[in-house]
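So that you can tell them apart, the chains are marked A, B, C and D in the order they are listed, and the count of residues begins at 1 in each.
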Amino acid sequence: MLRYFTSGESHGEALVAFLSGLPAGLAVDQEFVDRELWRRQQGYGRGGRMKIERDTAHILSGVRHGKTIGSPIAIMLQNRDWQNWKEALPVETGDPEKHKRVASPRPGHADLAGALKYDFPEARYVLERASARESAARVAIGALAKLFLRELGIEVLSHVIAVGATSIADREIAWERVEEVSRKDEILLSCADPDAEQRMKEEVDKVLRTGDSVGGVFEVVAHNVPPGLGTYAQWDERLDSLLAGAVMSLQAVKAVEIGSGIQAAHSPGSAVHDEIGYRKESLPTGFTRTRNNA
Amino acid sequence: MLRYFTSGESHGEALVAFLSGLPAGLAVDQEFVDRELWRRQQGYGRGGRMKIERDTAHILSGVRHGKTIGSPIAIMLQNRDWQNWKEALPVETGDPEKHKRVASPRPGHADLAGALKYDFPEARYVLERASARESAARVAIGALAKLFLRELGIEVLSHVIAVGATSIADREIAWERVEEVSRKDEILLSCADPDAEQRMKEEVDKVLRTGDSVGGVFEVVAHNVPPGLGTYAQWDERLDSLLAGAVMSLQAVKAVEIGSGIQAAHSPGSAVHDEIGYRKESLPTGFTRTRNNA
Amino acid sequence: MLRYFTSGESHGEALVAFLSGLPAGLAVDQEFVDRELWRRQQGYGRGGRMKIERDTAHILSGVRHGKTIGSPIAIMLQNRDWQNWKEALPVETGDPEKHKRVASPRPGHADLAGALKYDFPEARYVLERASARESAARVAIGALAKLFLRELGIEVLSHVIAVGATSIADREIAWERVEEVSRKDEILLSCADPDAEQRMKEEVDKVLRTGDSVGGVFEVVAHNVPPGLGTYAQWDERLDSLLAGAVMSLQAVKAVEIGSGIQAAHSPGSAVHDEIGYRKESLPTGFTRTRNNA
Amino acid sequence: MLRYFTSGESHGEALVAFLSGLPAGLAVDQEFVDRELWRRQQGYGRGGRMKIERDTAHILSGVRHGKTIGSPIAIMLQNRDWQNWKEALPVETGDPEKHKRVASPRPGHADLAGALKYDFPEARYVLERASARESAARVAIGALAKLFLRELGIEVLSHVIAVGATSIADREIAWERVEEVSRKDEILLSCADPDAEQRMKEEVDKVLRTGDSVGGVFEVVAHNVPPGLGTYAQWDERLDSLLAGAVMSLQAVKAVEIGSGIQAAHSPGSAVHDEIGYRKESLPTGFTRTRNNA
């Protein structure tokens, strides 16, 4: 139903988020969109860039009188640092001397593969587009999707559950706190377990001292999802497939699991499968599960 | 290979053209893009709007140092009249009193179907998006596609071959003049037959006097197209199908023919089929045709 | 919502029609599907092949206990002449001597373009797939689509309105007879105007005597279509565009018009636009039109 | 470039694999396709069904004289047990008494979600389509894709690297043996580490004794892949995204990682990133990596 795309380079004039297919009449809360953009810029141990950005969504089309009108939505996120880059990355021919070469492709990035693919003599253009800054445009799109889902009573939230060797103590306890975490006005690491968050911060501090970085795991939680989204009828319409593809398309993501998928691979079925029960008064369908692994 | 979309309302802040899939390294001649936008605004008997517009392509992404870089291209076409419309069509809630209702849906437009579809109490939002102004964004995309095809030696041109009851005298003679017509700095009706063009102008004058309008036919000519684009292998990959769908998606188009398709429906096969010959030295494949109906 | 594809060669073992996306619970009337296949094989002046075929739909999947089950539907149409072709067109290497070459590419067909595209030394494989026989698989898919639309009260019918220089006298009178024509057990030319049909037959007789063929025009009529299918919001979602692309993908079609599109191109707007009225009791929306050109 | 779909129910007459987009002229080794189908049916501790199946690919279209001809390929995999099921799952209305209800939806399967989605009173139809048997059709398609990639020098192989708590000792040693493992005529667990394979077998034996099952991990290895497949330019064209979506669409898969993705989440960047070097004579591009984590 929805189609979305982004365009824009990390240090170009602007990112553009394009979203088609939202129904007409959806109230668009611009503060919520900007808050989501702000949340993306938080986190501990991030580079100085985040301070420059302070993204705000400039809606160019598709929203009128505070509501969607059924037309495609284009959102521009202007680069506040463009004045300092317009000579290095001009749209026009410009002065080649001002070009900022990226002669050493960075491992763990698209730099080398991209330069080989497009036959670039260096990796500047790859870095510009493969940059995690592109995800800001996706956050704007995601914020609109969240507003739409909210009308259906569905809430999508996320939190950090591991940084390096540190993991939260208990997933189920964390689930209860995720909403609260997502509403905070000060964000350290978006972790719903305060003790774990403190230890995660220490992990980050440690690697920052040595100029290193460290991996982590975030979990996306969706409340109130009706059964039957997607379908098993064809491989490319399965919900798991669509979700895995979308998440894996984020710049730093190298693994995706549904529920307790990774642990399940090393477990007996009896420890993994969520037993189905039935209790007439249980909403919305009467069916119950004792666990939530799948 | 290419994906393209547009967004924007007729009297909104801007149209955005989105184009993904052009290879890196294509020289982007901005003057050519702007000239194509200028050509769209020419024609005889058009409304006053065309004088306000004077569209210029503001490339936001995907082009650096005068060339494509493999990233998606976003082009913004700002609405020069936006200052006069921002209170009538604000993104924010705004003042509902300033809204300009379109209470009478116009026949021959999407107004009524759109208002019924989206349950709008009047047709303003439909008019805004279903407007022919949207095609300006497609012209910008088409200009880039033409620049790409030019690298492959392919030229795509168009001209007007009928207005109302007036048609050009001879299609084949016109074909020879189409390129010349498309290069003119003054455009009357983009017709390659000067006599017919004069009579077309008179048709337009006549209907304008009575407040009426008049239909017409344009032909798109592509030179140097290699055989084998598209494929007969699946219905939705056939070149005829893709072309017909694209042309029929233009706001005022209600019929499409390939070659002499309409006339062919009323003719014997012997008068329609283009006989195939072979002459080794005939470029590029040696095969020849005595006619060009298909 | 629906995706459909076909596979199969004209003289191969079978065509397969593939259809995904029909909801579960739709009653599948196999007699209706077979009748639609039978109707495709009727007509006046057709080749002897039609007598061999007598297609019947062999449903392999997606239908159980007489109803769709939400799974993709595959329908096999076996080629009754396969025994006579299996040595000429074996799946395995086979005996190359038995191959039936098509050394002279036929004009008005994909033969030449296809052979050049795929670098075939002759056109047999192109003829096999580009053949109009492929449309039998689409008829099977279309029959299921009609059964689905029927549940929504929508009827899609078609009739022949011109053969060569002969056209029906009055489109509006014909519309009233189309349903009746589509129910006949003997089909001459599926024309709803008996006088015109007789003259069409004579046109065909005439060209058959000289070994020629003749073009024609068919019209598709849909009753009870709700306003708002498709959308003006994006070029590739417009109903006109989707219909034109689908119709133009049929093997012999070279032109498509929506309503009176061809004539409209030569007419003043006042003669074309369907005036909109309103009468509360007019179903389903209260809006009325005095004509049906668009 | 390629589009593929499957149809068919687990106990229906046949599965159909549909593949569109392979170029003409590719030699189709049917023995290889059947061997891939045979490999799918091997493994340790599987149900009795595997003995009934012995799938063979019946190519209905798209292959002639042992080669692809550019047309869509349809492959039928007949269900050898259909005679025993045709009264339980007839295409026609049939005898409802013969229907085999699945009244208890199985956890860890689509049974419950599917029945709720399509409003089925029991889960038979869901079980039939959501079944892992569907993957046989994908194996046939994958076999053709492998034959195509082989022409380009690319080999795609797979092996089991963990079952329950047992993992192989060393991934890099295993990589060297994967090809050999995939060529074996007797398959135990397709594990390239014989000691680990023996222990995996014991894990399976253990759970079988208690009527339980156990999870596992398989790895897909591709040799000789050129850099630059997919692109970072748009989220839905990234290679990681496409691969993750495809793998996650398999019936029992609940997690996907690229390279050492899962471990990377708990590691410092310095331990994960594959350092890039350059040695002119290193094929194909001169660039080298000391590790292969990404």
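As a working rule, a contact is a pair of C-beta atoms (placed from the backbone, for glycine too) under 8 Å apart; a residue touches a chain by one contact, two chains touch by 3 or more.
The structure displayed is predicted, hence computed values, not measured ones.
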Note = At the largest C-alpha centroid distance from subunit C we find chain A
Note = Between A-B and B-D, more contacting C-beta pairs sit at A-B
Query = From the C-alpha centre of subunit B to that of subunit D, how far is it in Å?
reply = 45
Centroid distance [mean C-alpha coordinates] between subunit C and subunit B, Å = 28
Query = Where the centres are mean C-alpha positions, what is the separation of subunit A from subunit B, in Å?
reply = 37
Inquiry  = Show the residues in subunit C shared as contacts by 2 or more other chains, in ascending order.
reply    = 5-6, 20, 70-72, 114, 117-118, 129, 231, 233-234
Note = So, in the complex, the side of subunit D touching subunit C is made of residues 3, 5-9, 12-16, 18, 20, 23-25, 30, 59-66, 69-74, 76, 89-94, 96, 99, 114, 117-120, 125, 128-129
Ask   = What residues of subunit A sit close enough to touch subunit C in their complex?
value = 20, 70-72, 231, 233-234
Request  = Mind listing the subunit B positions that touch subunit C in their complex?
outcome  = 5-6, 104-105, 107-108, 110, 112-114, 116-118, 126, 129-130, 138, 162, 164-165, 207, 210, 212-217, 227-228, 231-236, 238, 240-249, 253-262, 264-270, 272-276, 285, 287, 289, 294
